[in-house]
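Shared between the two complexes below is subunit A, which has subunit B as its partner in the first and subunit C in the second.
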Partner chain A sequence: MGKVVCELCPRRCAIPEGGAGDCRVRVNLDGRLRATTYGHPSAVHVDPMEKKPLYHFRPGARVLSIGTAGCNLHCRHCQNWQLSQRGGEEMEVLYEAPPEAVVALAEVQGCRAIAYTYNDPIVFYEYVLDTAEQARARGLANVLVTAGYVNREPLRRLCAVVDAVNTDLKGFDERFYRDVCGASLKPVLDALVTFREEGVWQEVTHLVIPTVNDDLTMIRRMARWHHDHLGADTPLHLSRFQPMYRLRNLPPTPSEVLVRAREEALDVGLHHVYIGNLFGHEAESTHCPRDGTLLIRRSGFRVLENHLTEDGRCPVCRERIAGVWS
Partner chain B sequence: MSRNRVSPGAASFSPTGPENVARRRFLPCVLLLPSWLVAPTGPGECAGEGRRPQILPLSAARLYRPHGLSG
Partner chain C sequence: MKGLAGRLRLHSHDVLLVAFVGVTLLGIAGVLGGGGRAVLPDVGGSRRVDLEALTRRIEAGELSAREALWYHAEPAERDGQGRL
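This part shows the complex of A and B:
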């Protein structure tokens, strides 16, 4: 039997018979490439939409969130490494969850969306596609939380069934992606642009890790790229790092670093820059970019107040606020 | 151990088709990829030994938990 090449992500793993790709879950069985976690999530939870984080997409909605084993990145700071850095056979639990069962559970739980998250959903691509198609047919939205390390052709196909995405932009130089994530930056930037081109509602997260990717000059360059390629209205979440996995030697991100990073991003013209994982901070809330009116007040993934008009405008100046609000 | 190989469980892979493989393996369901994702190249090999995860019905999932970090 020959090798097969998985063309899903930029790694293009050439997988020998009986072997797995770098993600551990896409395998060569009998000379054919197979996705072993299809229908078998290892994490299934009901979360608020704000936890993804998506702040401009159906605020306060409940979202059934699923994740499997495996990942095509190997981030040293991964907060879900027990899932992402294992193959399916290494998990303690796999759920029996074909697409129709996931959709049915979402409906029973009163969820308005299904999120493909925790590990990178790119590695359970076919499961996402099939579940998302059925979810959409039942009126549910589909949400991706991804690092965007995927080839353009399969990504475009996925975009057809995805309504919103939170894409991690983990750093802004190739060395960071290579040394910390075992990946590369350019395909991620391409994916960010592709999501925009395909009309998927997108928000971007940058996890600010002390001494690793917290340089304000870098963050300013990243924010300028974000402004120029994704637009000023695409929200940016600057999230606080907590010591995890192989970066337990580093401290949590000081709040003043997050505040200064946010100032840089606002200064280059981004309209919506949030601070994440710093619960109770005022930068969790949404303000009108024109007149500063408080529009949505949040705390710890909870929506406490929502003053947007039904058609998604500032109630004072009538500015239309970018997002999917209904 | 090479990261490019299935580690535990791979020894039970055999050329008997997806249904038979599924009965013996931890996953009862596998999916063929679209052909445009697959390109044969050359000979390969397999290695490894396994352990089995528990397979539970979806109804056993703990859906609600204290919310931690975003994601």
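This part shows the complex of A and C:
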């Protein structure tokens, strides 16, 4: 039996018999590649949609969120490293949850969507695909939270069953992706564009890490790319870093850095730039880009007020606000 | 006038010191270089896996042997005689 080459993500791991891909969970057994965590999540929770974060997609909806072991990135600041940087065989918790059980659980829990999150759902691709197909057939939405480090053709197939995505754009230079995440930037930019082309509702998160990726000129370049390739209406979440995993030596992001980063992004023309993980800040709320009317007031992950019209418009100027509101 | 070699003649404890400094520098270089190697290559990587634990947990129904999508088998490599 020989090697197999995984074509799912840009690493294209050549995996010998009995070995795993870089993600630890796609394993060559008997000359065939196996998705070892299929049907076996290690994290299952009910979260609000705002926690993904998705602010323009079914506000306030309950989301059944699942994640497995493994990841194809190795971010030094990973907040789920106990999940993402392990193989399935190393996990203490492995639930038995085939796709139909996940969908049934979502319905029992009163969820309107299923999120594939915590680790990168790309590494449990087949499980996402099958669960998402069944969920859609039952009228549930499917949400991905991903780093977008995936090849184009597998991604296009996935997009057919995904309704919304929050994609991490972790930095805006190749060196950052290589040194901090063990990955590369270009495929991520391609994935961001693919989601847009495929009509998936998309929001983008940039975690601002002090001294690592908080340079304002870089954030401005990133926001300009976002504006030109994803459009001014695609929301950007600038998220506050908390010391984590291998970057515990760094402090949390100062709020003034987040505020200045947000000003840069607004200045290049983005309509919806949020500050995340800084609870109680006014930049958690949605305002009309035309006249500044408060549309959705949030605190933490809670929606406190929602003034959008039923057809998703500003009640004052009737501007159509981009998003999926019903 | 003593020759250069004479002036630079090392005593045994000097040799030990030089060796110690050398080993320390090599160690530092190793740590710094290791930081670079810790970053995985963009293509082609693979990892060892605890096959016994994996097999046991697949047989116990805690993990899956479901065949993945999006891969291909590499043609077997030829040996020195051109045999497959």
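A few comments on the model shown:
The rule we apply is simple: the second predicted complex is superposed on the first by the 326 of 326 C-alpha atoms of A that agree within 3 Å, B and C clash if a C-alpha of one lies under 4 Å from a C-alpha of the other, contacts with A are read in each partner's own complex, and residues count from 1 in each chain.
To be clear about the criterion, contacts are C-beta pairs under 8 Å (C-beta built on N, C-alpha and C of every residue); 3 or more make two chains touch, one makes a residue touch a chain.
Source: prediction; values computed, not measured.
By the document's definition of touching, of the two partners only subunit B reaches A:205; subunit C does not.
Of the two partner chains placed by the overlay, only subunit C lies in contact with A:184; subunit B stays clear of it. In the superposed pair of complexes, A:15 makes contact with subunit B and with subunit C alike.
By the document's definition of touching, of the two partners only subunit B reaches A:277; subunit C does not. By the touch criterion defined above, A:97 reaches subunit B but does not reach subunit C. Once the two complexes are laid over each other on the shared chain, residue contacts for A:242 go to subunit B alone; subunit C is not touched. Shared-chain residue A:320: touches no atom of subunit B or subunit C. Looking at the shared chain after the overlay, A:152 reaches neither subunit B nor subunit C. By the document's definition of touching, neither partner reaches A:229: not subunit B, not subunit C. For the contact definition in use here, the residues of subunit A common to its subunit B contact set and its subunit C contact set are 2-8, 13-16, 18-22, 24, 27, 29, 31-40, 87-90, 94, 96, 126, 153-154. Considering their complex, residues 1-8, 13-22, 24, 27-40, 44-48, 51-53, 64, 79-80, 87-98, 101-102, 105, 109, 117-118, 126-127, 145, 153-154, 205, 237, 239, 242, 276-277, 300-301 of subunit A touch subunit B. For subunit B in complex with subunit A, the touching residues are 3-10, 13, 15, 17-18, 21, 26-34, 36-48, 50-58, 60-65, 67, 69-71. Residues 2-8, 10-16, 18-22, 24, 26-27, 29, 31-40, 74, 87-90, 94, 96, 125-126, 129, 151, 153-154, 178-179, 182-184 of subunit A are the ones that touch subunit C when the two sit in their complex. Partner subunit A is touched in their complex by these residues of subunit C: 39-51, 53-54, 56-58, 61-77.
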